[in-house]
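Residue numbering begins at 1 within each chain, and the chains themselves are lettered A, B, C and D in the order written.
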Amino acid sequence: MSGKERIARRIALELRDGFYVNLGIGLPTMITAFVPAGMDVTFQSENGMLGVGPAPAAGAADPDLINAGKQPVTELPGCSYFGSEESFAMIRGGHMDMSVLGAMQVDEAGNLANWTIPGKMVKGMGGAMDLVAGARRVIVAMEHQTKEGASRILKACTLPLTGTHVVHDIVTELCWIRVSAEGLVLTEVAEGLTPQEVQARTEAKLIVSPEVRTMAMVGA
Amino acid sequence: MSGKERIARRIALELRDGFYVNLGIGLPTMITAFVPAGMDVTFQSENGMLGVGPAPAAGAADPDLINAGKQPVTELPGCSYFGSEESFAMIRGGHMDMSVLGAMQVDEAGNLANWTIPGKMVKGMGGAMDLVAGARRVIVAMEHQTKEGASRILKACTLPLTGTHVVHDIVTELCWIRVSAEGLVLTEVAEGLTPQEVQARTEAKLIVSPEVRTMAMVGA
Amino acid sequence: MNKVVLSADAAVADIASGATVMLGGFGLCGIPETLIAALVRLGVQGLHTISNNMGVDGFGMGLMLEAGMIASHVGSYVGENRRLETMVLQGQLDLTLIPQGTLAERIRAGGAGIPAFYVPTGLGTVVAEGKETRQIGERMYVLEHALHADVALVKAWKGDRLGNLVYRKTARNFNPAMATAADLTIAEVEELVEPGELDPDQIVTPGIYVDRVVVGAAYRKPIEAEFIRSGGAA
Amino acid sequence: MNKVVLSADAAVADIASGATVMLGGFGLCGIPETLIAALVRLGVQGLHTISNNMGVDGFGMGLMLEAGMIASHVGSYVGENRRLETMVLQGQLDLTLIPQGTLAERIRAGGAGIPAFYVPTGLGTVVAEGKETRQIGERMYVLEHALHADVALVKAWKGDRLGNLVYRKTARNFNPAMATAADLTIAEVEELVEPGELDPDQIVTPGIYVDRVVVGAAYRKPIEAEFIRSGGAA
């Protein structure tokens, strides 16, 4: 099982029946595969759809039916479409139970950077700033370190921010971290790792929860 | 022909093909009867409809289909329904070519009072304040004087205002008055009247237009 | 997921005295008749209501007024309530009248995460008294704040158990905006349909905004002008 | 009333160089393909465009970029345009990136007579730099201003000669909001229907917002991910 899959399976445990959830492009989208059986979770796509279904069969893609990653998707019964102004009214108005996004950096204050690297080309923030400002719970899902081995969980983000004080939880292949007023609280570590080993790969200071335990996940 | 009908027939002359128009309750509603033949004018009702048709036949009223005066109406082909937030976005956003409202008082600055008399019961302004703030052209349609013979066209309104500097034109059974930066310009007087006779029944100072002429009207 | 509650009484049972309640409808058109009746039976007190109108004597929110349940009201027009007139003049009810479009937009803002916005409406009138005004571009505007409620009671035509709603003709009015602007939104529908029966392109209120769905029954739907003319005996 | 213009070229003929133009669509989904092609043929220069994305190299607004027609752009994501990258780095195009929801709301506000409003989005980021912030209730917000355009080019599914429009699935996106926010709104539709054929309860864009209707033809509708993968040779 890849690290990304472990992250997706762990976040799936946070889903609850009746939740409305927006998933960012990439890793977060993998969560759809791990919704527990019998649980009703409705996925929103910020380009204007509630009730997003899985990718269509080969050759069955409808160009008028895409997700926010511009990939073809399908309809689930009871889905609905709306304009961008309504979609973001929904997001900004606090109607999404959960938003899961990727990140480049997160820091001890719950600040998030996930949209640009100065000097490189600016692609744009898309809906990320709206999602972190509006969702009831913002979970960052990302690999713990960069490909070069640098920590992505920092004392203070160095990249331009997507939002300040917006992240509630950080999930990586190594651990679960809850963002609190006191700082980053390490609540779960991946099987076979110690809190000290996680801290060693993390620039930010981690407060080890007295109840720290092994990361669980859906279907594992 | 009643004075009210003369007012409605005169305002109907201001309609243009393709216009979208909101008509206030009462006298303004009479204008629908005098749309020139072959001219396409779309009437809006601020409770959420474009393309309002005439009253239904007796017994054919649909309680889900009423106008802003809470009277049953009918659909015209190509009509549409929308929520109140959209209806007033349309009004406030400057999309109505013309709004015709009744008034209790209008003054030399184009101020309008048409919603309350202090000391008597307050019924509420409904959509009147939105309409005068948003329409491209606001025409006040009213009888020139109160039943007691007092002028309704004043130097300065004494009743609580509906809007300030919002009226473009005032039409009564006696005359047409254009509101300008210089004051109230008398441009038309009813047949058989002189500008001096109109001024005598008007508290506000009227600037007689050099091109003042006899009031015309549709179908008369 | 099933948001259908079997009775209107059960649907409103946890509404508390003192709650702020939005009620959809324009005049007597598109009002939540069934939920209003249940709320009157529930007998809560001191409600703060937000609704464009306030029914008429003998119907709609008029029944709530008669039950003495309403402590304050925000709306745009209350012309046809003799009882309301008496209560306001006797200081039994705190009435705030605001322009209809500003009311609608403040409700939309409450659902859309916009705490305040500027409008030209009401500038220089009593509506703007005590409010911030400012020049933007060449014109002056008034600052207005969002409205949010504990509970919204809305009336739709058809709905499904996921809470998706569509409305019929001018009975739509304030219902979709209010559905977005409360902590708890209860919708009554004339007809319950299966998920997927409503065309996804045509859904006006997506289910995310709706917490409970009740099937209404025995709609009277009086036409206000006629109802008043007949003395409420329709 | 007949708003149908027989050719896209005729529909765009009076758009001037230097105009501010909104273009509907999200990625390559729901973009006004026919009107973009006509605009490229018209050959105007120095346009100020507002659109969530900017097409891709070889399709959609990418064709306008390649024609050198665009002086500035406001959008939220422009990730797939190599030509755009070059132009911005060489100072040939002024690019402003703003959050997608703020973009949508600023456009809605432009159509709704709301000159400015507060949002939580972007607080503490570069997006809020130079903008007023203020506390409302317990939270800080950023003041954002309405966007309005000279021309909006939108794409609908079906429309009638009165300008009433409906959209299909996620091809709706920015189109309805933009239709409200320009002095001149031109809509291209896949299918022209008779007035009355669209259910009045289901019309998304009422005709009041639309000045001209063009029937589009030969839609390519590439799916962006696949289009890019195939090098634009779809």
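Criterion: a residue touches a chain if its C-beta (ideal position, glycine included) is under 8 Å from a C-beta of that chain, and two chains touch if they have at least 3 such contacts.
Please read all numbers here as calculations on a predicted model, not as lab measurements.
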item	value
Minimal step count in the chain contact network, subunit A to subunit B	2
Whole-Å gap separating subunit A and subunit C, where each centre is the average of the chain's CA atoms	36
Between subunit D and subunit C, distance of the C-alpha-averaged centres to the nearest whole Å	34
Whole-Å separation of chain centres (CA-atom averages), subunit B against subunit C	29
Where subunit C touches two or more other chains at once, by residue number	105, 108, 112-114, 119-120, 167-169, 172, 200-201
Where subunit A touches two or more other chains, by residue	75, 81-82, 88-89, 91-92, 133-134
Touch-based graph of the chains, sorted into line, ring, star, complete or other	other
Interchain contacts (touch definition) - all pairs	A-C, A-D, B-C, B-D, C-D
Complex contact set, residues of subunit A against subunit C	17-18, 20, 40, 42, 44, 50-51, 75, 77-82, 88-96, 133-134
Subunit C partner contacts - residues on subunit B that touch it in the complex	45-49, 61-67, 69-72, 75, 81-85, 87-89, 91-92, 111, 121-130, 133-134, 160-165
Touching residues on subunit D, where the partner in the complex is subunit A	26-30, 52, 75-79, 85, 88-89, 95, 97-105, 107-108, 119-127, 157, 167-177, 204, 221-226
Subunit A contact footprint on subunit C (complex, rising order)	1, 108, 110-114, 160, 162, 164, 180, 194-196, 198, 200-201, 203, 206-209
Of subunit C, residues touching subunit D in the complex	105, 109, 112-120, 136-137, 139, 141, 145, 166-169, 172, 199-202
